[in-house]
Structures are given as C-alpha cells and as structure tokens.
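I'd like to ask you about the structure that follows.
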C-alpha cells in the first residue's frame, strides 16, 4: 500500500469517526510528516464565556493536541518499511499524549481557526511537536508544545 | 451581598449558561477559595479514539482549565472588600488563562471524573493553580498546572 | 547487592562526582522511591540579580530537575529483579529529562533550600515527577513537573 | 538617553555583574526587541553526568531563562516614552519569570551554545517568549517557552 493512500484513509477515518473531533468540528486538512494542519469553524457551542464570546480554552487545547498528534502519526507511518492497515493500526495504537502545554496569546475570536504543527523531536519512543493556532485574519491565538509516546 | 450568595449565583451561571461547559457536561460541584471541584460523567461523544474508548485529551484539558479558573475566581472574589454583582463581574472579566500544562497519566476511562484544584500562587496580577483529575475509582487520570491573569 | 547499599553508593557518587551539582552545592539528602530530597545552601554566586539578591531562576530549575531525576532513578532501581553495579549503571544511563516545567512562586530568598520530589507516572518508558522547593522557613519558592525517559 | 546606549549599558551590566551568569559563562550577544541571543562555551564544570559528558539540564534551563528575560526586557524598554537610568531600572525590577518550560531534544554536546529568543506575547502585565538552543554545528539541543511578569 502506498503512503499517500494510507494517509488519505486516516484523514477520512479521523475526520468522520472520532466522536469528540466531530463534536467540535475539527478537520484534518493536511496530514504530512513535515507539517500537519487542523481547521475548524466558529460555532456558538464552542464559546467559553458568553459575555465575551470567545472560544473556551479547552477547544484550543483540543485542536492543538489533535494537530500535534497528527504530525506525530505521519512521522510514525513515514518510518515504516512496509505499510499495511494492520501494521499502521498497531503503530498508531501506541501513540498517546504524555503532556501538553498551551499558551493562550489572544482571545479566541474569528470565523475560522487554523492550527499547524511540526515535529521538534522525532525519537523512537518519544516525539515532541510544536503547534500554532491562528484565525482567518492571521492573528496568533495560541501556541502549544506536546510530548507524545510513540513506541 | 454575602459571599456565599454570590458563589451560589456563579455556580448556577457557569453550570447553566456556558455553552462549551454544557456541551461537555462539566459541572462545578465546589466553588471555594481553598479547593474547587468539577465533575462530569462519561459520555460517548467525549471519546477521542473509538477503538480504545478513552476520553479525548482535549476533554481533560477543558476540565482542568475550568477547575483552575474556578479556584482562581473564588480567590479573586474572596479578596473583595465589597461584593456586588457589578464589581464581581468586572473582576471576573479580567481573569484569563495565560498557559496550561496538562500531564496525561492514565487512559481516560471511567464512569465519572472528578477534577480538584487549589492555588499555589495568589498574586494581584497573576495566579497559578494545580489540578488533579481522578475517576470514580480514585485512579489518577491527569494532573495540570495553569497560570491565570487576574488583574 | 542490597538496594540500600546501591542507593548509598549512588548518593555518594552523585553528591561528589557530578561537576555541576558540586558547583551549585546541590546535595541529595534522601534517595527513595516514594519521595526524594535535594538540599542546598544560599551562596552569593547563585544570585541572579545582584540588586534584588535572589536566586537565579536557573538554580531553581537545576535543583528541581535533579530532585525529579533522583526519584525517577530510585524507582528504576526499585523495579530491578537483581541489583548489580553493571545493571544499575546501564539502567541509569537511559534516564534523561524530556521536558521540565518550573513555576516560580516567590523570590528565591533564604538560607537553605529544600526540594522534594515524588512520582506521578511510573511507566516502563516514561516517568513523570512533581517537585516542590521551600526555604528553611517553609516558604514555597517553586513547583515543578518533569517528564523523564526511563527505558 | 538613546535606546542603543541604554541597551549597551545593560549588556555590560548583565554580562559582568550577574553572579550566576558569570559562573556559567553566559554572555548576552544580542539585546534586541525582535530577537535576543545568549552564547556560552563548553566548560567541564557545566557537566551533569561525567560518564556521558553532557550539559546538566539546569545549565540549559538557565540559558533559556536568561534569553527569554533578555528579549522581554528589550521590549519593556522599547515601549518607554523616555529612557533614563532610573525609569529603566524601575521597569526592569518588575520583570520576573512566572513559569518556564524546557524541552530537551538532544544531549547537550558541543563547543559553543547559542540561545535565541523572540516574543510571542507582548502584554502590559505578562509577556511570553519562545527560545531555541543550538550548538555550533547547528544541532537543536533544546526549546523553551517562558512566561514573564512585566508590569
């Protein structure tokens, strides 16, 4: 199986079968070992404080965590000598977030939010990703750093 | 106005009028300057990975952030010389999460989740809280540390 | 070899042969799988800002990192079926700090500083420790959370 | 007084009168509101583990904290309407590290270490900086994120 084909399948699965991602409207829009991307649209149900009409901090953390996990997963698959659904699934089942730091920089306002992630540590047991969230105007909303178990 | 009365009003408002908290089922069950508490029940929509049936990491981060913000808010009100709805609202509007670290210790499994928080820094501009999340069996699921703007 | 004997040897080695710990005067005063402890005395060379006469933030981070690493090491040895110098050395060589969060709560003033650590995650690949630093008056100076590679 | 002149004075003061920076050999080599830089040379006294001959994690944290504090200080001065030694000193005395996350990516080996920092949050009360440490070969040794009190 080609890597591209597997990536395509995973995007479809993650976008359509992960309950919490669907609840929040998080969509993987780029699944790549160099840089991955998540997007989601403003929705009133994501509001933390109704008086200020800004995203709940947990929404931001959820999107950062998913973006970090996505780039980590792409790197794990990238290292496989052979790609089969069974091997891929086994490898992905070992991935888990160990810790996540979220830096909230500006109030979460906007119509669309874009989270990008790249890897800063690519080990056989532990990987570390850095993430950034902007809105559609290019304003930095948040940064993140996540440490993930990979093996 | 008595502090108890104000705390009661805030619990009601936060439990019933914060869209994202309602979406996740997060309930403030203790609002106190010494120790605050959030509880929420398992719900399939909170699942991150449908194969492992565990909470999405963002759910945990959301609950930790709310628990930290709650104990911070209780301390801010605790310092007020006079408690009126207008003064309280003005003070609370200044509270915001600066950064949040979440440590995921065990898979998020259980029927009910209990998050407690206490303050480790109680400044006039910045406060820091530490949080712990357990399930109904007393298993530690996660720890957190949050830095909050307060003034 | 008994575990006590090995712990004794490690305390001696770490207190007397680790250049940077010696430079700062950091001493392991308790080496234990439940709770470990580091102590160090005030020294003018540890000053960050000469006008405020407080510890450099890096001194605090150094002490927290050592305290976390010590309790992690005690747990790694604790799990060994057989304790020999060679096995112990091999296991300890795999320990490394992945990430460290330091929360500076109060200015670093005092005559002696005591850092305690305990484990919150005790995995076969990754361990997580939480640390606290007080001065001799019992004032909380700092908290920390460290994630360590162990296998 | 010109900003350049004040920056020059501060570099001299920080490089020559801060005891712990001198002990470690940390030198500010760029003091700038856009990007600041710290450099230091390998020295055996900075060794954490004598068997592996790598930097103590506390050395890395110290350098990251200084780099972050330097870019924060440059921004604080940058905002001043008038620069006098008294006003500058008063502003700088309010700067303090609230929390610092260090991500250790590779063993601290090299002849020279270069730490760069830039601001990701530039508030009137709180600033956040991100830092990177490389060795002279361009290898990434560590990343950091620091939250600083500024007002």
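Think of it as A, B, C and D in the order they're written, each chain with its own count starting at 1.
The rule we apply is simple: a contact is a pair of C-beta atoms (placed from the backbone, for glycine too) under 8 Å apart; a residue touches a chain by one contact, two chains touch by 3 or more.
Since we're looking at a predicted model, the values are computed, not measured.
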{"item": "Repeat of the A-D interface, chosen from B-C, A-B or C-D (over half of contact pairs identical by residue number)", "value": "B-C"}
{"item": "Geometric centre distance via CA averages, chain D-chain C, whole Å", "value": "23"}
{"item": "Distance from chain C to chain B - Cα centre to Cα centre, in angstrom", "value": "30"}
{"item": "Of all residues in chain C, the ones touching two or more other chains", "value": "98-99, 101, 103, 128, 145, 147"}
{"item": "Topology of the chain contact graph, where touching chains are joined (line, ring, star, complete, other)", "value": "complete"}
{"item": "Chain B residues within the chain A interface of the complex", "value": "17-21, 23-24, 44-52, 55-59, 61-63, 65-66, 89, 93, 96-104, 107"}
{"item": "Residue ranges of chain C in contact with chain A within the complex", "value": "98-99, 101, 125-126, 128, 145, 147, 149, 151"}
{"item": "Chain D partner contacts - residues on chain A that touch it in the complex", "value": "101, 103, 105, 120-121, 128, 130, 140, 143, 145, 147"}
